[in-house]
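Can you read through this structure? Questions will come right after.
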Amino acid sequence: MRIRRAGSLWIVASTAFLAAAPFFLSTYWILILTEILTMSLFAMSFNLLFGYTGLLSFGQAGIFGAGGYLAVLSLLHGPSSLWGAFAAALAGSALISLVIGWFCVRRDEIYFAILTLGFGMMLFTVAHNWRSLTGGSDGLGGFTLPPLDLFVWRGSLADPRHFYFLVLAVALIGAILLYRMVNSPFGLMLRSIRENTQRLSFVGADVRAVRLCAFVVAGTLAGIAGVLFAFFNRIASPEMLHWAFSGKAVLMTILGGSGVLLGPAVGAAIFFVLEHVITAYTTNWMVFLGAILIVLVLAFPRGVLGSLLDLVQRYRGRPRS
Amino acid sequence: MKNKSLTPVLVLLVMVFSAGIGLAADKPVKIGFAYIMSGPFATYGQFAKQGAELAIDELNAKGGILGRKVESFFEDTAGKPDVGIRVIRKHVFENGADVVMGLDSSGVAAAVAPVMMELKTPLLVTHAATPDVTGSKCNRYTFRVSLNINQNIAMASAIAADMKSKIWTTAGPDYSFGHQSWEYFQQYLARKKPDAVFLPQAEVAFSPAATTDFSSYITKIMNSKAEGVLISLWGGNLIDFVRQAADMGFFDGKRDILMTLGAATEVLYALKDKMPTGIWVGTRYWFLANDTPVNQAFVEAFSKRYNVYPSYNAHGAYAAVKAYAAAAEKVKSVEKEKIVEGLRGLSLELPVGKITIRPEDHQAITDGAWGVTAADPNYPIRILKPIRKFSGAEITPPVAETGCKMN
Amino acid sequence: MEAFFANLLNGLSWGMLLFLISMGLTTVFGVMGVLNFAHGSLFMLGAYLCLQFVRWTGSFWIGLILGPPLVAALSVLIERFLLRPLYGRDVSLQLLLTFGLMLFLDDGVRLIWGAAYHVVNPPEVLSGSVALFSRSYPLYRLFLVILGPIVGIGLWAFFTYTLWGKLLRAAATDRQMAEIVGVRVPVLFTAVFAFGAWLAAVGGALAAPHQSVGPAMGERIIIESFIVVVIGGMGSFPGAFVGALVLGLLHSFGTTFFPQLQMALPYILLAVILLIRPRGLFGAES
Amino acid sequence: MSTPILLQVESLSRSFGKFQALSDVSLEIPRGRLCALIGPNGAGKTTFYNVVSGRYRPTRGRVFFEGRDITGVPPHKLVKLGLLRSFQITNIFPALTVLENVLAPLAVMHGMSFAFWRSLSSQQKLVEEALTILERLGLAGQSHREVSTLAYGDKRLIEIAIVLACRPRLVLLDEPTAGMNPEETERMIRLIHELAAHSEITFFVTEHDMKVVFSVAQTIFVLNQGRLLAQGTPEEIRANPAVRQAYLGGSLDAERA
């Protein structure tokens, strides 16, 4: 909401860049950008809970992965339709997050985090152990990508550029939805819960229902991101549901800044570029990634984007609002 | 990033010109390797890198492939399917690899193999043993030069058939590799020994990958009525299992034991004299299994350079590089489609013995060896004595059984 | 019957290792409110240092005694220079920092000790096995089973009877109160963090003769210790003891009776306990 | 609708184990009358508030609000009925702006908790209502500041603003001037007077600060050891010997002096 004009200029510029990227970037970088956008959507969905509602979910990957598996299953056992796969994942991940959320939103803070971790790992176990349905630890692949059927125009998802545009479109829709949401009365409820749950319930709000609603929205978006991820890799694998994958979303979000809507997206971009740059020089990339993370946390406590925005604000001489 | 737009055009121009003028010799052959280089299984990536570098240095010392220098790129799959796919794509699109090799985890291999159809680049799997890669997921670009589960289990079941045990159980990792090993073992042994009995799923011992305390699994097996145990645990899991089992009296000679990857050198080096003697163990390459000049030269060069005996994963990477070079020499090109043709049906002499890449499913028909662990003062680790060798033909299941439909 | 006892001992020995690690985790959380992701890495460092001392001196005991203080010393630096700037800020930053630390340490040991698996032998007195219920049972495991309660009682005595122990406990239950009665909180925090690290490293050194020493051995144990701490009740010492025992026994008996579910069992237990008792078995209800 | 008695408490008792925190307290609060509850430390004021505002269930007795039995009704339902309480410790939404602090309860009141597609800033009616409240409290000029950056006294006002946003008919103010400097206290007293005079809201205040109580309240209730010791106008209370006794003599005079 702050620095609105300059901000929207930046957003328009970066959207234009993203839309034009396939025309001047190499295939490899388009693929990386596709992954960044997918993870951005996932991390932003996570951040609706974390940054806006104050709920740290370590089970987000479970729903993300469930979305991926459901889409692949619908392609393997149903019609070869992209929209059908999306619909299956959407309905499924909404339902799963409703059930998990129903239990988890009763708890706060670390207990919420650990409880979601538990449920996420239960989903992981299902994906990992139910070999006849999910293919077990090797994952579920072997589907043919459905055509990109836009009714007036047909593309091929096997073409990295077409796939990129699909991901860009979905991520943008997700971002717009989240933008409207966090700036709506509902969004204010979420932030009020983050700030002072008890106070909000004392003014008559049904905190649990609001939280559950946020959990379902976040879960559904995560599920959609999972579909993109599974299609991108041509496989749904149990790793997608593991808590460590949720950890990735946490990492990206805090890296970019949890207080800003696009913070997680910036964090995702930083993460992938860092990984790319470091692995180009050394195979001991985890040592360096770890060290860089430590430095970033100490230098940018509000996340890279968050701290940058703060800096801009201070430069303009306005008091921090 | 900005001048990336020009890169493909430039590359294309260079290729057209160089093909025309015959300057191809100047451009190096690029091999992209993808192994686990970090985390608990990093030791496998390290061994593979050693084997690959040895092979590449040998090639370059003799003028490279078709007179072109060989360059290598190593990337870390971290043992994760999505990372594996990303680094393979990086090899193809960014590093400009002419061929990709490697893959340790079956999950990663199963994820990567289908993608090769889109990348149109040959992939030589050197470690991952899932049957699917040269089975249900086989495709034009995917090859494997190492032993797969079926081949190794075929040897295990042949040995088991000669044992007196009738009731069998398993201790394996609780993921596809462990389950498939056990399923093939039941299938193959039942053929050779129809009266063999296998414990039901609830009574065998599958342990999650993260297990470090195997005592309850050991207890479970010792309390069962099984007489024979197929152990498909590997790496750190196997080391933990063997040490804990030894202390619990598991190796008291009362049961027949088969360890499908017990002869892996990283395990033997870690365990040293803690590895019990008199146990049947298998591996995908045993450095003392044959005394051909090729093998002797490899073992000597490897142990001189790295101060350890070559592990099977080092051999896998070494073999893949050598197979690729042979295919290139055969078709006189490193062009990807031609290499695919060159690899199909390729026969060559490797340290492990003579291998032939079966054109129907791209699985190498390779000799194998099992043996009984024994102490030998000349070696710092347990060695195999006696060794039982198997020919590739007798342990490789027929194409019809693999489920491969090559397209 | 003998199977029952074997499973009981298996569960107890694993539970005791978990207990040592969870103790440190729960103390650090209880007093400092820091959920330390790198705790498992400190456990791993304890194992590696023990390995190094065994290589130098051939004695496991030297490794057990000298290794953990070194880890504690390192963690003093970590607390002083990395964690301290983050106090009073968002908890998520501590989480991220310790996560970065975990990546750094887990991969760092590989640069020093290599990627290979290492084995540490149990000390002479404790190697071999004893006959128990017509079975042989490893002496080292029995040592762990006995050591667990001894350490537990030792810690309990420390927390109940010594000044430092009382201060720690007071600070764990009410930080502000501790400040009011004049505890120098920064020093206390450093001490607590080092103490937690020392416990983790002791656990690591004790685990070394029991499992192979390799990178990321900490990553495996950290989640289980999180579960122990949470089901026991964050910051609760008896909770950590009971939680570790329950998880250890669940592991050993679960293997026998629910093999298909074993991977999910700790999580199911976790969810059930948290839904029934929101603050864990021994946590103070708010 | 307009019953003269707004809140009626009938022989309310509450014990914690063996400790009798409240015993047999009965009182009535007429609509529009500014009442206060005083008593020495541990007299049961906070317990009384917690029982009336629905946080604790009474052991015995009943509470009626506008003639309706509200005994044991949870706080968020009481809000809907028009009975609210403010908190002794500042209980606001720190990282939100002043305006948002008021908008949050307003959105709840307007049933817009789940409106996720409408832009908050475009809700004219809501924003105007919020600004009106802030204007009344003299905070309108700071509406875009983050409340965590406000001075202590202003934070306490935010607390009041949140309460006002819920359109209460009865407000239980728990020590509204606790921790304030004299100037801030002065402002709070003026505010309470003004609100009581110019709105439909009835206030029921507990206070430590006798000066505040005596300058604000029209009726004072004195609680001692869980029992209602006395009730009456400030003058009557001042003159009541039992009250003097309870406050160990001197203290009331000291306040006056």
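Some observations on this one:
As written, the chains take the letters A, B, C and D, and residue 1 is the first residue of each chain.
Rule of thumb we're sticking to: a residue touches a chain if its C-beta (ideal position, glycine included) is under 8 Å from a C-beta of that chain, and two chains touch if they have at least 3 such contacts.
Quantities reported herein were computed from a predicted structural model and do not represent experimental measurements.
Common neighbours of chain B and chain C under the contact definition above: A.
Least step count on the touch graph, chain B to chain D: 2. Centroid distances built from C-alpha atoms place D farthest away from chain A.
Chain closest to the overall centre, judged by the mean of its C-alpha atoms against the mean of all protein C-alpha atoms: A. Between the Cα centres of chain A and chain C there is a gap of 33 Å. Inter-chain spacing, taken between the CA centroids of chain A and chain D, is 44 Å. One inter-chain figure worth recording: chain A and chain B are separated by 36 Å, centre to centre, where each centre is the mean of the chain's CA atoms.
A straight line joining the Cα centres of chain C and chain D is 49 Å long. Multi-chain contact residues of chain C (touching two or more other chains) are listed as 106-107, 110, 260, 263. Of all residues in chain B, those touching 2 or more other chains are 38-39, 45, 174, listed in ascending order. Counting partner chains per residue, chain A has residues 128-129, 284-286 touching two or more of them.
Shown are all chain pairs that touch, namely A-B, A-C, A-D, B-C. On chain A, the positions that touch chain C within their shared complex are 50, 56, 103, 106-107, 110-111, 114-115, 117-119, 121-122, 124-125, 128-129, 243, 247, 250-251, 254-255, 258, 284-287, 289-294, 297-298, 301.
For chain B in complex with chain A, the touching residues are 1-2, 4-5, 7-8, 37-39, 45, 74-76, 80-82, 85-86, 89-90, 93-94, 106-107, 110-111, 114-115, 118, 130, 132, 136-137, 174-177, 179. Partner chain A is touched in their complex by these residues of chain C: 35, 82, 85-86, 89-90, 92-93, 95-97, 99-108, 110-111, 223, 226-227, 230, 234, 260-261, 263-264, 267-268, 270-271, 274-275, 278-279. Chain B makes touch with chain C in their complex at residues 38-40, 42-43, 45-46, 174, 201-202, 204-208, 210, 212-213, 215-217, 219-220, 222-223, 235-236, 239-240, 243-244, 247-249, 266-267, 269-272, 274. Contact residues on chain C toward chain B in their complex (touch as defined above): 3, 6-7, 9-11, 13-14, 17, 106-107, 110, 114-119, 121, 128-129, 135-138, 140-141, 207, 210-212, 214-217, 219-221, 251-253, 255-256, 259-260, 262-263.
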